[in-house]
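Presented below are the structures under discussion, each in the form of structure tokens.
Next come two complexes built around chain A: one with chain B, the other with chain C.
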Partner chain A sequence: MVDIGIILQILFWGIYAGCIYILLATGLNLIFGVMKVVNFAHGEFLMIGAYITATIFLLTGINPYAIILLSMLVLVGIGAVVERLCFRPILGTSKLNEIFLSIGLIYIFQNATAMIWSDEWQSIKSPYQGITVPIGSLNVPLDYIIIMVLTAAILCILYLFLKKTVLGREMRATSQNRKGAMLVGINVERMDVLSFGIGCALAAAAGTLWVVSGQVFNPYMGSIPAVKAFAIIILGGLGSIPGAIIGGLIYGIAENGAAFLLGGVWKDAVSFVILIVVLVLKPTGLFGESGE
Partner chain B sequence: MNLCRDGILRYGTLAVVAVAIVLPFLTGSMFFLNLLCLLLIFIIFASAWNLLAYSGQGSLGHAAFFGIGAYASTLIAAQSGISPYITIFLGAAVAAFIGVLIGLTCVRLKEWFLAMVTFGFAIIVQTLTVSILASSTGGWDGIASPRLISPDVPGYQLIEYYSILVITIASILAIWWIMKSRVGLAFSAIRENELEARASGINPVRYRLLAFAMSAYLAGVAGALEIHHIGYITPEIYNVDISFWPVTYVIFGGLGTLAGPIVGTIVLTFIWESLKMAGLTFARYVIVGVLLILVIIFLPKGLVDLPNRLRQWWQVRKKPVPDVAPVTE
Partner chain C sequence: MKYSVLFIATLLIATAIIAGCTQQAPAQVQQKEIKIGVIASLTGPASNVGTNMWQSAQVAAREINANGGIQLNGTTTKVPIRLIVGDDESTQAGGQKAATKLITDDQVDILVGGYSSAVTSAYEQTIAEYKIPYVVTGASSPIITHRTDIDTSYIFHHCPTTDTYGQYTTLFIDQVVRPTVNQKFGFSDSRPFRLALLYQDTAFGKGIQTAVNNTITQNKLNIVLVSQQSFRMGESDFRTPLTVIKAANPDAVYLGAFPNEGAPAITQGRRDIGLDTIYLSAENNDNAQFFKDVGQYGEGSIIESRFSPYTAPAGAVASGQSNFKTSYNATFGTYPDMMGASTYEGVYIATNAIGNAGTTDKATVRQVLITMKMPQVIEAMKDGTISFSNEYRESQFDLWMEQLAYNPAIGECRPFIVWPDNLKVTSFVLPSWYKPGSA
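Take a look at the complex of A and B:
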């Protein structure tokens, strides 16, 4: 008989882990939707976000939750440069090329980071460490609650941006039909840069949240979350942001459940088991269209 | 023209093989010999990956087959006492069998779904190795693996080198033969247009599985060779790095060509080791990453296409610039 408290705890951790996956997967979804590009190096933007946050925090001592804005801004810039220099020249060539290019980007980002900050595992302490809030029968760290609220806020802002602003509308149009968007006078290349930038900013936010929650990080931390984020958007449906949210939560909970039941080594493997099972049963993903 | 190029190719190949045979005598340094062995092993590995890509399937988890071949060969050799020369091929058969199983889940998938499934598969195998199978695989600590040739034999490094060379040449000949056979034609037909391939009577599922099996087999041979050469195996053999190297080598040399993996592996290893001698560590990866991206963007067919590109460029340059009449009203 499993204690109900433990189940709640796993659920809670799962939701917290899910928040990071949701941000990552939403960004990827946005990029994929607009550009139809597969960026396996997306996790490296999370890693850079994490390092920016940790460095600024250690240098200045600003509340790390405030640094999220800065790290997002920096990553918009990096994302725009990467899009312009690397992905735009190969748009429209084979899908495999995008994967190969991502490998090059992974090499560059991971090892440039290792050159600057060394490849040791690091972690920082959040100012709210040790503060817990009692909810029902379990004590929840305050950090986790802030992270969930922040994730929700970022997603709401993104939603409003996509639905209510002209730019957001243009982005959605591009993602629905690129040629059609061109015909009505939308600058689709600008939309590419924009979506890539926003996607990277979301990854940076995920990186900041990763760091402030006290998790360890090193230059190689990004690749596995990135592939998991891909698994999530396959589960949740390509281009569907609600799908990414649900998929992210499922993954977070499944991982923590597996780590509890089978042992910590299974944490990563279980997400790929889920992915493979889903793809065997339905090769286009749970909600995927036949398109891509 | 074609005949002449064929001649160049034939003599070029013979020259490369001759250099490979003579090279150990020129230096005599053990470090260099070890490097050459690893180079040959990675040529097999990259060619194996290339064969799968030739059928239109890009795997990001070939370390799984590399590692399964290595572990299977090590365990068989250690438990039964059979010579590694035989277990290499048995271990690779295990890798091929697993390759067919993972191929079965992949045959219906689009390129990047397949890339993710294979990537995840390497992680699953690593997890299995350190958890459920830990009692026989030694978990994270790994286990000792029987050497290809016992170090007591005089000149064992040379024998090892020539054994690896023979297996490499045999693998490449096999791939060459596959690529120019009907099977190879079917592979490229599926890669170019699956619908048309099906219309002309090719069963894509069967050929894709065949590609998976052959590629996994050769990757398993490469993995087993490496492990019997080094004499020790740990689960790090499944690391993402090992999966990415063959991809990098092949893209560098030229995707889907026989010479591509060979040229790519030799050139990149040369660059890599030179950078190492220059004292660079992390910067090496950054440089390789930049080179990789440059090759993808500017030389999509890889280094083997460089002579053609240079010739084209030369011809364009030699052509007189046509007079452009000034535009007037």
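Take a look at the complex of A and C:
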């Protein structure tokens, strides 16, 4: 008989892992929803966010949770430049162009990061490490509570932005019907750069939370999370933000559940098994609509 | 027709005679240098270790050339050595390219280096094909010389294998950790020691797992494996497998992991899971980055080692290690790691073999390597000599176990050798926070 405390603890680790995936996948979905571009280099923005956070923390000693804002702002800028210089010229051309462009960006970002910071594994220590919070029968580190709260806060702000602001509504309109948005006078190119910037900022937030949780990072860390983020948005439904959130949580919990029940080597495999099952039963994903 | 045949035959005979008359005995050309190829991962994920190996080889070459180089047969003066590096790019394809280039284009006399068993084993066929002596100094899988699908007779393994890691660590647990736990908590000696394994799902991790299981079985040790959890290479989140391990109530956890996995595993185990136990790690974790990453959570943990950036064993190799570290640091501003140490020795082994052979003839050099009995250089070897076993051509290292103690002044742990008795500088202690397992 498995101890219920162990189940709860594994569920907790699954939700924590899900938070990182949710932020990464939501950003990717935002970009895909508006621009319909496939960007395999999205994980590299998580990696850059991680390095920015670690560097500022090590140089200044500022609380790394506070650095998340700066990290997101820097990535908005980087995202805007990448969108303008790389993706906009090929927008509307073959999907192959987008795929190979993003693969090229992966190498450029990884090598540039290795040149600046070296390719050694690194880690930082949260100022709250060692502080635990009792939650029912669990005694969980404070850092993970903060990570979950911050993720929820970022998603709430994103929701309010998309629902309550003019820019957000314009972005949603562009996502729903690009030509229709153009016809009613929305500057869709402005929406492209904005969505790309916000998507990158969400990846940066994921990177910040990655490093403050004590996980190691190096220039090559972004590739696997990016692949998972793609699987999550396909699972949740392409272009669907709620789909990315639910998909991220499912992946986080499923991965940790598989590691518990089947062993660590099944961690990645089980997520893709879920993806296949969902696609067979509902080809548009959990929250996707046909025709997207 | 008859005349033309006769003409051609006459022409051929005449050509042969002329050729025979003009052929001269080859002049005794004095070799100007000995070319040693160093295969290292200068780029890619393993570039940190690879660069260390290449730089360590350069330190050895500089020392050897400062003494004149190698004396060959028929030469009046010593011949200097020249290192030529081949970057395996941390990939199998890159390794194949590097080995082929060094052998065919650069025409090196002997090869040294090789990191990652997967990468090294990918180009062993090329070594077999060209029959060039290769002193492998960085791959830990026994497959390097144990495999039977290709001829590995020109390959000499100067790096402990996972068989050795697992054996030494398990014996240390049985001889030192188990009695200490029993004594401190008043357990009977008949109580089985509860060991858990957390290992990488690769030849490296599985090799350690197999070695631990075999050592327990073959030596009939009073150790029971209460949990064996695996993880993918490059994993950074160990919370779930550690939760499972904690539920099995172990007395200690043995990590078959790389440093980028071992440090977060220990940190997450102690900080997040509350698994306050003794963590034991393989020798590749004994590097500066591991100590930095693991921080205060490394306190009390154990690393099996043979060369450390921060400690040296008592005895014969202490000054050699110290001189090597000083020399390396003076040139490169950092410290060598253990793969660097064995590569440094690999250049000395190659030089010694060619010097004793008196020639660069590859078959002769191989024969010298087979019968070699060379004094240990900077790492402690069995019987104080570097020699290669008859069956698998593996050198036999004298490994040690070091325990980490936290130094708040620098915010990092530092290692102290606690086993075996002939190398130790202090004794193993159980930390005050240690919690033993229970059935």
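Structure notes:
Everything that follows uses one rule, which is that the second predicted complex is superposed on the first by the 275 of 292 C-alpha atoms of A that agree within 3 Å, B and C clash if a C-alpha of one lies under 4 Å from a C-alpha of the other, contacts with A are read in each partner's own complex, and residues count from 1 in each chain.
Note that a residue touches a chain if its C-beta (ideal position, glycine included) is under 8 Å from a C-beta of that chain, and two chains touch if they have at least 3 such contacts.
Computed from a predicted structure; not experimentally measured.
After superposition on chain A, the partners chain B and chain C are seen to clash. Once the two complexes are overlaid on the shared chain, A:L69 sits clear of chain B and of chain C alike. Contacts of A:C156 after superposition on the shared chain: neither chain B nor chain C is touched. Once chain A of one complex is fitted onto chain A of the other, the partner contacts of A:D119 extend to both chain B and chain C. In the superposition on chain A, contact of A:G263 is made with both chain B and chain C. In the superposition on chain A, contact is made by A:Q129 with chain C only, not with chain B. Taking chain A as the reference, the larger set of touched residues comes from B, when chain B and chain C are compared. Look at A:K95: by the touch rule set out above, it reaches chain B but stays clear of chain C.
In the three-chain model built by superposing on chain A, chain B overlaps with chain C at stretch 116-124, while the rest of 80-88, 116-124, 368-376 or 404-412 show no clash.
When both complexes are aligned on chain A by C-alpha atoms, chain A residues 119, 224, 263, 265, 268 touch chain B in the first and chain C in the second.
Remark: chain C residues 45, 47-48, 201, 229-232, 234-237, 239-241, 243-244, 247, 259-260, 263-264, 267-268, 271-272, 274, 289, 293, 295 touch chain A in the complex. Considering their complex, residues 53, 58, 60, 105, 108-113, 115-117, 119-121, 123-124, 126-128, 130-131, 240, 244, 247-248, 251, 255, 282-286, 288-290, 292-293, 296-297, 300 of chain B touch chain A.
Contact residues of chain A toward chain C in the complex are 3, 6, 9-10, 13, 16-17, 118-123, 125, 129-130, 139-141, 144, 214-218, 220-221, 224, 256, 259-260, 263-265, 267-268. Across the complex, chain A meets chain B through its residues 38, 40, 86, 89-90, 93-101, 103-108, 110-112, 114-115, 119, 223-224, 227, 230-231, 234, 262-263, 265-266, 268-269, 271-273, 275-276, 279-280, 283, 285, 292.
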